[in-house]
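If you scroll down you'll find the structure; I have some questions about it.
Each chain carries a letter (A, B, C and D) given by its place in the written order, and its residues are counted from 1.
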């Protein structure tokens, strides 16, 4: 999932959803985000068109935030499977928006969901993407956490050598000052 | 320093400062608290009379808060002697107001000032009063801290037996939940 | 490598404490906080835990070349498991309990 | 009683970390907080430290009657002084450094 690809996906989606003859600036009601949505990416893209000009946040952005929030709540309730669905939605939306900060949140949520459902390899993959995004945006908040959680996953799988490598990275970073 | 005494001091101060024939509700300007004040208790008591009805906070209350704030700032600058003057002022005002919460803050500040100036016995006395006030008002936030600091003082004086007793009280309280 | 489960157990224990205190604080803070402020409070809670655990965590990690260092790491591990009662947290940790 | 200076040193170290992180958070939070909210944030920082240190502190306290318990307390003390580098904080503590 290279950043360029994510950006072009967003461009294409918007282009498809935006027929040139649609200048209706109808006052669309602020979307009371639906708690269940069959096909999030397509419906979200359509909403984008209308809300872009009026709202400070686009419908996609609102839906993405909403999905992240719902995912976090489900994580707290230890419902990994349901949380994963929310974070998948947030991931797609954040990619469509080319919003790396939100994508990182979605990836973190997916990692946590995978851990809850004992999919440790998958969790590690999401956390690797978290670290990748940190490098891309030059903002490393939570990287110590990510390394620590990857090590926890390796520990859970009994791969102590790998775990030790990642705990070392975690320990190296945990004493650093975060952003001021 | 029994609570009854503090309350009666406040009553007396107010009575003295309040001649019965003084119903002037003149719009006193909100006091821009002076940073230095020669005789805090008497001048404050007079101010009380005028500001009580108009201000949400009386002048005494404002001056007390201001003295506490100044004291804390001086503590941060490690200026124990100057901090002590502020907290003494706050202590007198809080007693005049019969405001136990503020008095407890003043006593804490005095204890910290005494520690900075190596007056450990005096610091312990102020902390004993802190614990006493907690019992009086039935609100125990910071008591673990107070016991720990008393123990630190005994440690600094080389009285390890006493220190151990107070560390035990500290440890016993540190795992309790504070007020929700 | 014997210390790996201990590191995980200590992390879990600390995170449980942090999360509980953070939730308590959030309920006391009410809705008056912006997202950014809430983030700052969360960072505070994580910062304290990370800085406080850095020493013990470092003490649990050492490469297993120097036999003396290994011995010390193991005794650190035992002390931490006793002190933080980690044997209850992680079944793979075999610590002596009080 | 040998552990008394260690308790003080550990308290000092933890309080220094807490105060620094709290100050950092306050500067990030800005003036938008009420006194009450600021108090809640401070309580959060103190709550985490207290709950996290409760185990190690308890491990430093035991009455000196049972010789085995005394030995364990002393070894806890040595481990804590190593891990938190307390010998730098308190001169009266005589800890082995790495």
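Everything that follows uses one rule, which is that contacts are C-beta pairs under 8 Å (C-beta built on N, C-alpha and C of every residue); 3 or more make two chains touch, one makes a residue touch a chain.
Every value quoted in this text rests on a predicted model; they were computed, and no experiment measured them.
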item	value
Neighbouring chains common to chain B and chain C, by label	D
Remotest chain, chain D as reference, centres from CA atoms	A
Centroid spacing, where centroids are CA-atom means, of chain B and chain D in whole angstrom	26
Centroid distance [mean C-alpha coordinates] between chain B and chain A, Å	50
Separation of mean Cα positions, chain D and chain C [Å, integer]	14
For chain D, residues contacting two or more additional chains	24, 28, 43, 47, 51, 53, 58
Contacts with 2+ other chains: residues of chain B	177
Chain D to chain B touching residues, read off their complex	1, 4-5, 7-8, 11-12, 43, 46-47, 50-51, 53-54, 57-58, 61
Sites on chain A touched by chain C in the complex	141, 144-145, 148, 151-152, 155-156, 160-161, 163-164, 167-168, 170-171, 174-175, 178
Residues of chain D defined as touching chain C within the complex	14, 17-18, 20-22, 24-25, 28-30, 32-34, 37, 40-41, 43-45, 47-49, 51-53, 55-56, 58-59, 72, 75-76, 79-80, 82-85, 98
